[in-house]
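Chain lettering (A, B, C, D, E and F) follows the sequence in which the chains are written, and residue indices restart at 1 in each chain.
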């Protein structure tokens, strides 16, 4: 039986930090499934379809067996459907840790057969987050070293459209 | 003079973590007043009346002298009106600590006669929060081990109503 | 070449904690520029003009060379326009630290010539925040020891206006 | 039945931060017992007798009913012997919180009848610790505003004795 | 190729928290190697041989393929010798996280082929640590619910020996 | 008047993380004084003379005006003697922040004319610490990318000497 690891997230949009984690996971586990949360609640900047597309394009060049799927509903159900028992999450900072550890304990109660394993973001990406990236891009800042090329293009297209809400500035 | 301890919160909804804290406080202090914040600002999921009702039902079986009240305005004023000088708050995690300690210092400045005392959530409930509970329930997950029976029923009723906003999934 | 230190923030509104930091910075650096973030995004309570006015009035009595400006767009661009290489930020708590350190690393990547330096809030103001101040004032609490006199007046005016949204209470 | 609160610690030596906490507790609880840990393990700087003496002298002027005792062995046993069910501890910082919360859960398991309640150190004393005080005094620094007069005298006596180990300097 | 996960530690002594983590890891990974650090530096309470013996006895009843080995030198070398690429560590608290994340990044630099994965301790064992256990046992407290039976016996034997250093008490 | 910034530390030994911070500080401030703590208390691995020598060699190639001095006694006194009012410290992690903020407040009370400013370690060095470096070197691990060449040589010499205590292994 192949060990399958699931990497869930909102990926709104996927950053180089996410890509690096996927790459590292794919080097360790025979099969990695990237689960893009497709639910309506968090009112994402990019639609579920756009986000799945950007993830697919980004991981295309990674080695290893990587699949990209959209999911709705409880994560533990999606994990079960994948036939997986390993959930991977990245930790960048203490605040991540608190939220993530509560989530991991909650998910463990909802599905005791799956375990959450945390990987530490490498130093180069510890400060990267999807929301920082969007804020900088909204102000015309250069994010080309922080996201895959396809995401960079999508952000530029979005923020050059007239009428698009502008951010306030990193302060 | 009887020592009165006040336990304030939004309780939207009350969880088993809250109930356990109330029970522990009622075992120590002769009188415990649960203060349900009734203000309009945080746009709670349940109305103040519903929340007070659920707290009342939940603590009904706890031993000790427990009262449940709604309050509006500054907490320190409500505490004074109760004739209390002890404010009890639960701490689950570091992020709680930061916010709570700032609040405690602020409240101390507003009313130097009252002191905030923190209790540590026991391990069984450290991961429980009202917002997690709502998110899981919104996705059809089972929260019956996390909240009192009355709250479980209320959540089921709410989320089975057509047109009710659905959550995104624990991810 | 004069060493210029920039102190950016939203100042919505300025508190005595901010004033104290500006005073301490102005005692060390020959020139301090307070940069008030004027962007539309965070939907501030006071307008950019009001906030700049309140900062100006508040620092008027501080010794040293202090300038107050509004900025829009990326902070690093505003810093460059000031001819400054020192960005000053205050740290009150751990949660500040996490966010601020990510921001500092991000800004460093966007402009390697500028450095962020953090000062620790003195004990008297460690618990003060603009949002606490607004919440207390919205409930009719006394904030006159927490903000400059002009801010106190503005808050009173705002919250005595009929139809103004009321806060929920510190809980 | 009188509510008794126990405040345990090493008090090596007692600082103004400890005194302030004892004063605040004595204003709330009818009876406060300060428990000075007398065990041999941590190789304290002052002997158990000296520490008890300094605590007694320091709380002499506090109002309320305050007793000072030495204890050996498990804290929960000492608490039981006092007829108390309330253990009070001060929290200054996050690192305190982690250690203290683990201790509180451990003590709860060892004696479910006692509860630990945490008070937040007020701003003036948040940075004070017995070890900082000793380090500064060892270097000839002035700690007279940080400790009670008796402790200040004892530290001066100790560090003026030839052959006494000198500290390294606050760096 | 079988996925091998390595779980390194000092295990001085092994607690029920460690056992639970090993059990969870063995349910997920085909093969788990428990690596007991045998180096001289930290002056452990139990010798390397005693610690290995206690771990072996403790995991004997766990299902799955579990091996117990002693290692000296760099962890990354021991991992390589096991033919493993997965290092598992438990996280109980923030302070764990800081130290562990620095270690993980360091080990990654020393051996980029191995990845550290973190599991969250379940609530029942979040407060457990080898040093707490030793301190309580040294004071005659009951630790039989915190450690495997063999460890409980060893601790009792050790602390009943005359001349054995006694602890100070949980305070 | 030239703005002088003081960078104090134990530097036992200096790492590439320290060097990078000195370089960044020297790019901002006209004059930087590196203060090597020479006190006896912490029983450093390298003597004060060795540490000063390693720092001097390491910063020799940095641009800007950098001086290296040894100090004994209170830091605030050494800062005053340098004619400086700016103390620079690096922050890598939360645990640094807690300790450092308490120290900064303490030093501020001892000398209100000096201010501590914190810089965030860049990502490449966030995990580096003098003690990790010593531990790895003691086990024969390669630290040549973590410390200046002179320090690498000194560590190799020290740990190849027979009878030198060996570390336990990064676990």
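By definition in this document, a residue touches a chain if its C-beta (ideal position, glycine included) is under 8 Å from a C-beta of that chain, and two chains touch if they have at least 3 such contacts.
Bear in mind the structure is a predicted one, so any value in this text is a computation, not a measurement.
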{"item": "Superposing rotation of chain C relative to chain F, computed on C-alpha atoms, to nearest 5°", "value": "180"}
{"item": "Most remote chain, CA-based centroid, reference being chain E", "value": "C"}
{"item": "Farthest chain (mean CA position) relative to chain B", "value": "F"}
{"item": "Mean-CA-position distance for chain E and chain C (Å)", "value": "47"}
{"item": "Whole-Å gap separating chain D and chain E, where each centre is the average of the chain's CA atoms", "value": "33"}
{"item": "Where chain C and chain D are represented by their mean Cα positions, the distance between them in whole Å", "value": "37"}
{"item": "Residues of chain B touching at least two other chains", "value": "94-95, 98, 101, 105, 123, 126-127"}
{"item": "Interface residues, chain A side, partner chain E - complex", "value": "3, 24-25, 27-30, 85-86, 88, 91, 94, 97-98, 101, 104-105, 108, 115-120, 122-123"}
{"item": "Of chain B, residues touching chain C in the complex", "value": "8-10, 35, 37, 39-42, 71-76, 78, 94-95, 98-99, 101-103, 105-107, 109-110"}
{"item": "Complex interface listing, chain A residues touching chain C", "value": "92-95, 126-127, 129, 132, 135-136, 138-142, 145, 165-171"}
